[in-house]
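Each remark here refers to the structure printed beneath this line.
So that you can tell them apart, the chains are marked A, B, C and D in the order they are listed, and the count of residues begins at 1 in each.
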Amino acid sequence: MEDHIPAIIVAVPLLAALLVTGLWWFEQRLLFFLSMIAGVISFSASARLLLKILESGTVEYRLGGWAPPFGIVFRIDHLNGLILVIVSLVSLLNLAGTRTIAKKEFGEKLGPFYALYLLFTTGLLGILLTGDAFNLYVLVEIASLTGYALIGLGKGRAPISGLNYVLMGTIGASLYLLGIGYLYLVTGSLNMTDIARILPSILPSNVVLMAFILCLSGLFIKMALFPLHSWLPNAYTYSPSLVSSLVAPLTTKVMIYAMFRITLTVFTYDFAFDSIAVRLPILWLAIVAIIMGSIIALAQKRLKKMLSYIIVAEVGYMVGGFWLGNREGMSGAILHVVNDAVMTLCVFMAAAAIVYKLEDDRFSALSGIFRKMPCTMAVMVVGGLSFIGVPPTCGFFSKWYLLMGGIAAGQFAFVAALIFSSLVNVILFFRLFEIGYFKPYAKEITHSQSHADSYTHSITRAEAPFDLLVPLVMTAVLLLILGLFSGEIVTRVVQFAIPRFIG
Amino acid sequence: MKLLATIVIFVWGGILFFTSFDFPYWGDGKSPASQHVSPYYIEHAMEDTSVPNIVTAVLADYRGYDTLFETAVIFSAGLACFFLLRVSDRKAPVFRLYRHQSTGVTLRIEKGGRLPENTGEFERIDSVWVPYDLIIVMTCRLVVPFIQLFALYVIVHGHHSPGGGFQGGVIFGAAIILFAISNNLRRSLKRMSERTSALLGSLGVTIYGGTGMLCILLGAGFLNYNALASLPGVDPLTARSLGILIVEIGVGIAVTAVMVWIYYNLSSAGKQDEGL
Amino acid sequence: MESIESLIIAKYNYWAVIVLLMVGLYAMITKKNLVKKIIGMNIFQTAIILFYVSIGAKKGATIPIIMHGPDHSSHAVQAMDYINPLPHVLMLTAIVVSVATLGVALALALNIYSQYGTLEEDEISEKIMKSEPG
Amino acid sequence: MIWQLDIIVLSMVMICAIAAISIRDLLGAGILFGAYSFLMCLLWSIMGAVDVAFTEASVGAGVSTVFFVAAVFRTTRRTRD
């Protein structure tokens, strides 16, 4: 079994999803445990795989036993090994919190919910594993389709924002497919390393350049880089709460990984950074994304929408850090993919707990929330500090690498944008804490008895359900652990994920 | 806005048009796409898999992992439509309508009244006037079995002729959809209930994924059908061909069931009433 | 003149793909009706499928099903005699994906219609503005 | 492959695509989309992609059109563009 770990990582959640769908028509109670078992197996297999990579380098797994350019292979190196562990862990932690909330939010459709959840995870893990450019498209589609369904079931504006997401997402995936078609036209291959081997012999070529632009613009839509972000905020705001804490941390990060992979493995560093002049335009796009995301986040009146715009800014961090093109910048970007996944999970899960209790996430409804849900809000504080970049949390370290990369590359606009965005995050989160902590004491509420009633009522403790609190606290602890060990992660894993010759 | 979009699209199209001049000539047998990987498939598919239809061989064997997820995509679409649309049966309407099948008399039964469910003479309908055309119903009843037979042929004969699990599955599903259109959704639900279609859908994908896992348990890699040769009664030469057949049948079952499932939910907006 | 004609013959398929891509994208961006947008999305996807199939075409070759010899022994197969099968395989998958996306998109459109009573995007945003300003 | 014939089919495909997005009736648009798919399938079978053409004939021209008709039946035929 040891050799087949890569296959097990995707096959187990897929089969579990099918089993859950079938079982649901007969027995409702086992669904959660079955999904948990699949999640645990998938996570431990990815952890085992990462250890194996640390010992012996890149792992290649041939599906169907066919050699690379003819069959599909998994190629797992330090880059996707690390992200694989984080994605399966984030998905598992969020899954652990669904037990009570999913029953309330999905009620009769519990089976399809868990099945779609597992299929979504399968799709993302498959994207991370695969070494085949077309296979990536199929798995992107499976992750997106299940994501559309999960998002579309929310209340209020959810269906319309879900459909908007379907249209945008399909354009993105189709552009990527078109780009792969262009590549196939001139190389005749679909395997990533094989394309990389052939490409230098046909350069310079307009077709390859166009393929690069099409692939990248498709992925930019999927990862919601600033001018193409319009699907993201509404989709994440109106989706059911535990769905947004699943989709928000993972979709954008995995798409950013896909960009790393396409740029570094398929088109190679020489082509993308040296032969063509796309580095600076993309970097400026990222800077605009950081600044605009932060500014628009300031204007929001709903917690989840504010967090969604923070994600838009964070996407700018990672894209910008990667396109700085130096070692510090890339390490920062990769480390930030890991950290941001956990940070986003942390704040979105806390938001899910708040929405579960209050049924509302407008700031006006959040006054006195610290008294009401101290534990949830403590986790929110840790997540917020990490977004701001306060030292013991992991957000600080990746931001540090990004800043160092910006300085080393001489891109001071990027450095300024990072600092600006951190300052805006300070305002955003401290405004939230102020509303949550001090608002009930404000003397503005002087009207009527009913208000006073609601005020005294709001002080009573109404914490989120226990089975949501456990993963929530674990996520907060994980943020600190990632912060403490970030030096270790960089020297032992991220180092090797970047091509050696990059200085 | 409209003007801006038009300009952007024309610029984009212009750029694509410009790059098309660097493409290899259309239909050129010496273009890189037909020179690098595909000759291997054409020359070795027969000896590797003993399947003459190269598309089937590549689809279910060389790139079988893609196809596994293709089936998973269609399954998630069915699941997604169910998840998004299905509304509970409990919100029953205030009254129900029944038609006496031989005379066409319609009964309206208020809530609490005794329902003529199991008499066999009445059929539940949703609106007072329902078009009922004997010619269409009878013609479709005659045609449906033959379409289904053809679908089975397409699934099983995918090794030697165009077709395979996916095409056959869609045709089989289309036959059931034809029945549901020509009669009505309730009659179709009696023959193939929603639960059956959901279970068949997951069964089909499980056959595919399970074959892959079985190959692991037998000691080869995921989806490496060579492992099936160690099962009793399997000829090592045709192990791959057999594996492809099993997988195609799984795809066929899944696609049939999911197409019908999506149709059930779309045509009745999730209420599972009379449908179109 | 000869070269222009041969160029047109060599490229017209790809140009048709580009026109269809533009039509699909135009429908998705400018049309206000949701079903029209979904049709545009499908045209966009089909255009890409046409692109791939055009890559696979090969003049003077036959369909990719190996013909048996009279004695059922497959004599040496020449790659030039058969059309490239790989794009066909990829496009089977893409067609499946497009029908799956279509199903989900239509399901969402049905939900939107039952919620707002219309499929026009501008009317929907008017209704949203009325119910929850800001 | 007779390229004159090919161009005729291609132009019909384009006419169907443009008609499908510009007709002011959703049912008509759905049916025109079916015609578009069917012509597309014809084009692919000319190019020798028999499996793809087969799939498109059953999926694009068959089931997709049924889905469109079902969705239009459950919503409305009205459209303003």
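To be clear about the criterion, contacts are C-beta pairs under 8 Å (C-beta built on N, C-alpha and C of every residue); 3 or more make two chains touch, one makes a residue touch a chain.
Remember, it's a predicted structure, so these values are computed and weren't measured experimentally.
Looking at B-C alongside B-D, one finds more C-beta pairs in contact between the chains of B-C.
Chain B and chain D have Cα centroids lying 19 Å from one another. For the pair chain A and chain C, the distance between C-alpha centroids works out to 29 Å. One finds 10 Å separating the Cα centroids of chain C and chain D. Among all residues of chain D, those that touch two or more other chains are 1, 50-51, 55, 59, 63, 67, 70-71, 74. The multi-chain contact residues of chain B, meaning those touching 2 or more other chains, are 16, 23, 27, 31, 33-34, 37-38, 41, 53, 55, 63, 66, 70, 73, 76-77, 80, 84, 162, 166, 262, 266, 269. For chain C, the set of residues that touch two or more other chains comprises 9, 12-13, 19, 21, 25-26, 54-59, 61, 63-65, 86-88, 90, 92-93, 96-97, 99-101, 103-104, 106-111. If you sketch which chains touch which, the pattern fits none of the simple shapes: not an open path, not a single ring, not a star, and not all-to-all. Those residues of chain B that touch chain A in the complex are listed here as 15-16, 18-19, 22-24, 31-38, 40-41, 61-66, 68-70, 72-73, 75-77, 79-80, 82-84, 86, 88, 195, 198-199, 201-203, 205-206, 209-210, 212-213, 216, 220-226.
Interface residues of chain B facing chain C in the complex, by the touch rule stated above, are 1-2, 5-6, 9-10, 12-13, 16-17, 20-21, 23, 25-29, 31, 33-34, 37-39, 41-43, 45-47, 52-55, 58-59, 63, 66-67, 70, 73-74, 76-78, 80-81, 84-85, 160-162, 166, 262, 265-266, 269-270. Only residues 21, 25, 28, 34, 37-38, 41, 44-45, 48, 51-52, 55, 86-87, 90, 93-94, 97, 100-101, 104-105, 107-109, 111-112, 115-116, 124, 128, 132, 134 of chain C touch chain A when the two sit together in their complex.
Chain A makes touch with chain C in their complex at residues 134, 138, 141, 145, 148-149, 152, 156-157, 159-160, 162-163, 166-167, 170-171, 174, 177-178, 181, 184-185, 190, 301.
Chain D meets chain B in the complex at residues 1, 50-51, 53-55, 58-59, 62-63, 66-67, 69-71, 73-74.
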